[in-house]
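One chain, subunit A, links the two complexes that follow: it is found with subunit B in the first and with subunit C in the second.
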Partner chain A sequence: MSAGYSSAGQRARWWLPAAVDWRITLFCYMTLAPVLALFAYVRVYPIAWSVVLSFYRWNLIRPQKPFIGFTNYLNLLADDNFLLALKNTAIYSLATVGLSTVLALPLAVFLARKSRLSAFYQTVYFLPVITPMVPMAIAWKWIYDYNYGILNYALSLFGIGAVPWLTDPRIALWALIIMGVWKVLGYNLILFLVGIRNIPESYMEAASLDGASAWQRFWRVTLPLLKPILLYVLVTATINSFNVFTQVYVMTLGSQAAPGQAVRVLVFDIYQNGFQYLKMGYASAEAVILTLIVLGFTLIQFRFARAQEE
Partner chain B sequence: MRPRHRKSGRLARKIGETLGRIAIHAVLMLGAVFMVLPMIWMVATSFKSAAEIAVWPPQFLPAAPTFANFTGIFEVAPFARFFLNSVGMSLVATVSVAVTSLLAGAIFAKYRFPGRTVLFGLVIATAIVPFESYMIPLYLQMNAVKWINTYQGMVLPYLFMSFGIFLMRQHVSSAIPTDYLEAARIDRASEWWILLRIITPLSTTALSAIGIFAFIQAWSAFLWPLLIANDQLLFNMEVGLTAFQFKFSSDYGKLMAGSVVSVVPMLCIFLVLRRRIIDSVALTGLKG
Partner chain C sequence: MIKDHAEAATLGRRSALKLAAGAGLAGAGAFAAARPARAATTTLSIWTGFPELQPFYQAVADAYSKLHPDVKFTIFATSLRECEQKLSAAVPTGTGPDLFDIGTNISVNFVDGGLLDPNPPEIDQYLKSGAWNTHVVDFSTIDGKTYGLPLMEGSRASMYYNKSLFKAAGIAEPPATFAELVAAAEKLVKFDASGKMTRSGISLRLSGQGSGITEKYRYLLEAADASVIVKTPGGKYHNNFDNDAGRSALQFVVDVVQKYKIDDPKVQHDADAFVAGNTAMLFREAWVIGEIQEKNKSLDYGVAPIPKWTAASPHKMLLQPWLIYVNGKSGNKAASWDFLKFLTNQENSLRLTSMTGWVSERADVDWKPLLETTPQFAVFVDPPKDISFYVEPILTPWDEIQSKMADKLTAAFINPTLSGNPAKLAEAVHEMAVQTDQLLKDADLYAAS
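Now for the complex of A and B:
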């Protein structure tokens, strides 16, 4: 009677039809049907189709859609725009993730000490994480403004001349990185904080009794025990920053004050090839490469997480 | 000589500790200022007149605060419409994600049926693929069913959240004992009754966390609405703000006012549910 239920002793054996309770199965599929239909339509099908599309020359305005094998991928490897986008995205990701981690770690160590202000700090540091990207990108654009921006004014107080934050593509990449660090710092901080607070008090006390300084305790106790969370944060933050688009679009593009050449990032290149040049197949090949990069990072995390468990 | 030395040593250590604590607070406070400064600057600018914004050197706070920017944005662009579109889209997404996550999460957690492992594996595996990777086929699908430039096309991808299902399954399998369900079955309760009257009431905490995430995600939606909405009456706040920026790129007073209007709802939700949001993120590591 209760074959359809899962209880602790049972193991999943979907290939074993003997234990199937058909009444339960019918109920499950009837309940799941709307969810699975939605899931198939907005996730599974488009993901599968993006791979298929990448092997075709598919221009939205032309009727013919010839199969061209790996030609899109080969063309991408010789496409300067794509390579530039890949390079910029990689620099953006590495710098944003690196800086936000290096800054969040000591802040988390400080915050882990019992303090009445702890909740206040957590709230304030988490604010940028929760706020939508577009309005904050516009706010940062105003801060970075060449003529009236408060940042250039602040720098002028130290005798530094006006910096073309968003108009020089090389500097603009770093302007985006600073904004990116500001946005994700709180997220990393909260996760590190959880990790540090989970370290048993006795470990720290033992290290103190052995005469370890605060510095040594951080390097010898906190950091090694924080490794799994550190790895998780590094990987998820890298994956998320590889999808960077909104702030690039708002801050370096699409307004009268925008520079001629934007900071080209991967998703922007996909957007441009797909929706401005209508090269759907070509853009899909780029999208598949983005997926593969993300998948690569995920596998790295799995591998390390497994190594840690053993 | 000796006791005195020890006493001064203790004092020195105490002073050192206090100084250390002050230094730590100074660093934390400095970081906190860096976090809020852009927002304060945004709010301050939104209350300044055009003349005051152009003043050099810039004054941090407005000398004569004005609401002109806030009333102005509603005159030059349909911001009320943008705002309502955002609210509507976020609410629909929240309800849909809550319902689909509850149904699928509960089924995957408490029932065994052929195909379960494969289906749940598929939900988790596809969650890794970034939205930007499959937006092109999704756009072509919308094109095929003539849903470009419609509300339903705009909200569709936000109706489903793999992470919601994952979170719900975790919650139901760990927090709701199977004995409860068995007891109800012995009392001849139907599976639907069990789902609605036992599992649902015991899952409100997880459901609210999932709902908050769905709302935040839909509210911040940008790239998809940018592709789908051509008519400005369909724009959400994010796309509306960007379009507004196209036209009035130097009118920073109005731009900041529009930005404030877009940020305030998120800010309110965050300040009210602060503890729950931070705890959920800490627990699940979900990107907000």
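Now for the complex of A and C:
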């Protein structure tokens, strides 16, 4: 009997696997139904509604919603703010994902060694991950302060002049990137650490017996076996970095803040169009494009990883 | 047999339910009869985007509840941007408060969407009773109907100056023109040994994002005899700064940063800087007085009108009445309107300014008790007679126009290539003007003349 056919010779449905008592399947679906319904209501429905809204001109307050087809999308292509936000988000994402991965990997290798202080360091690196973003962004605003910030004070100890981290448009985005890396580093590190600790000791011993150096063991054994984790880290970090918003919002608030254009990112632009200018249809079109970009990157990364495996 | 048994059981349940319902009703009736008659309590909810107004609202609400024990209040305060967003989502969906104060950039949308009722005749008469100036009444009027009541003046900025620093620099009077302002600021600005500015001569809004940057830039733009937009005879609009006056205004700010070096985006700014003595001059609204009283009572300062562009130019002052509205979907409209009349009476208008620093819009308030304790309020509550006022336009895309102009302004202010290069500066101004006109066109509000 080929796979896909039940013992009764009937073709199995995707929702009713072969050789499984239908009552068990029914029980599973019924148990999952409330969660699935909730997921559909709070996740799927808003996404679908955003797609629908992107074809309308809708001011949040007015009841009228004229259908305008692809006009919102066409206008976006000529919108300087959107294009700038796209560019800034791409730079932020590339730099944050790249730096946080490159820094987390050697740190994880180092912390994977048996040490009494290993748990302490893991906690220290993981603390930023669990700290809420708003108070942290406010704290970083102070850290970056030109006159009173601790970062410029630290630089002054090495004879380096004060840096206008937030107010200089050429530097402001990099200030956000530094904070982004600080925030996500611990998360990536823990994932790599779990992956490294799951590599059987015998592989390393065999490589050592074959005369492999520490670098060769890392390059030839550790890294290839970490590929699934690496893929997961890259995908989640890319999605998160494309959705950057809170720190941008906080750091552009007030008179002592970063210039809005220097750090304009996609979600900030969506927020401004949707909730400040009340152009919900336009903001929805932007959100759809953001979703497609993130989806595209994710698929590329998956395909790349699969090609590597093959 | 089974059926009979089932029917018997059903009859039994019905009987039990009837009995329970009867007993419940009887009990409720007896309870009601035993209690003395009491008027139903009305709870009015108020939302504000100014957390500093919360104690004022609470004080007035408490006073009102003493007169009307059946009316209670809940007051919710958050930042202005958050309040705008919450109201934009809550009012159309019928989950908003009974009363809210908000800028016309949002309320004009509510009026368009039929979510605010025109003022009832009694309130309309109250607004037109002479207690408010004509321009304030006009500001509250859309298509011949009035909406809401003026609570306070949302802008009306003046110039704060640090008297101690002025005295130390040998400057006797606050500057009367922008040329005098530059001369004074050059004496007041301070640098450390490495050449880093530690105190600005004047604190302008140079960085950040949002419409507030353009609003503060308008203090200069209007003084120079330009404006962001101007109304055409046909009732449409176009930009009014792609001209000599508009270019002069931008040139001034660029020179403040690049040429005169009397302000720098890197140093501390705004009210915080003035309160801490880290700037000598600041253009701001009356609420800064409240900040100074709270954070640095010993600060020796004065408040004067924003200087004239030249000696021959008029004094200019922005008016931006801030209104409070009754939600069109409120279930307590009568009580809400009654409370609004109480909130905006003379006594509570004086209380507003005394408690918060925000100036009431009422023209018939006796300010003597306030001015005796805080004379700095004088220029706000009793501006010089030669001042020419300009008001905030009530347009749907106004916030977007100002915010997007602000994005370009912050880049221009610190662009060194605009200093001493009139052609490039004119190009930057023209770019902003094109953007402004485009936003007006998108909203079908543009006309070239």
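Convention: the second predicted complex is superposed on the first by the 244 of 310 C-alpha atoms of A that agree within 3 Å, B and C clash if a C-alpha of one lies under 4 Å from a C-alpha of the other, contacts with A are read in each partner's own complex, and residues count from 1 in each chain.
Here is the rule we go by: a residue touches a chain if its C-beta (ideal position, glycine included) is under 8 Å from a C-beta of that chain, and two chains touch if they have at least 3 such contacts.
If you're wondering where the values come from, they're calculated on a predicted model, not measured in any experiment.
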Return first, second, both or neither, reflecting whether A:Val42 touches subunit B, subunit C, both chains, or no partner chain.
first
Contacts for A:Val294 in the overlay, against subunit B (first) and subunit C (second): which applies, first, second, both or neither?
first
For A:Ile24, decide between first (touching subunit B), second (touching subunit C), both and neither.
first
Check whether subunit B or subunit C contacts more residues of subunit A in the superposed model.
B
Could you tell me if A:Tyr146 is touching subunit B, subunit C, both of them or neither one (first, second, both, neither)?
second
Is A:Tyr121 in contact with subunit B, with subunit C, with both, or with neither (first, second, both, neither)?
first
Is A:Thr71 touching anything from subunit B or subunit C once the two structures are fitted on A? First, second, both or neither.
neither
Go through the superposed model and pick first if A:Pro135 touches only subunit B, second if only subunit C, both, or neither.
first
Taking the superposition on A as described, I'd like to know which of subunit B and subunit C A:Phe275 touches: first, second, both or neither.
both
In the superposed arrangement, what residues of subunit A touch both subunit B and subunit C?
254-258, 275
Subunit A contacts subunit C in the complex at 59-63, 81, 146-147, 161-162, 164, 166-167, 169, 252-261, 264, 272, 275-278
Using the touch rule from the top, collect the residues of subunit B that touch subunit A in their complex.
24-25, 27-28, 31-32, 34-36, 38-39, 41-42, 45, 53-54, 56-58, 100, 103-104, 107, 109-119, 122-123, 126, 128-141, 156-157, 159-160, 162, 165, 178, 181-182, 185, 191-192, 195, 216, 219-220, 222-223, 227, 237-238, 241-242, 245-246, 249-250, 252, 255-256, 258-260, 262-263, 266-267, 269-271, 274, 277-278, 281-283, 285, 287-288
Touching residues on subunit C, where the partner in the complex is subunit A
81, 84-85, 88-89, 91-92, 106, 109-110, 112-115, 194, 196, 198, 203, 205-210, 265-270, 272, 396-397, 399-400, 403-404, 406-408, 410-411, 414
How about subunit A: which of its residues touch subunit B in the complex?
1-7, 10, 12, 14, 17, 19-21, 24-25, 27-29, 31-32, 34-36, 38-39, 41-47, 49-50, 53, 103, 106-107, 110-111, 113, 115, 117, 121-136, 138-140, 142-143, 145, 148, 150, 153, 182, 185-187, 190-191, 193-194, 232, 236, 239-240, 242-243, 245-246, 249-250, 254-258, 267, 270-271, 274-275, 280, 283-284, 287-288, 290-291, 294-295, 298
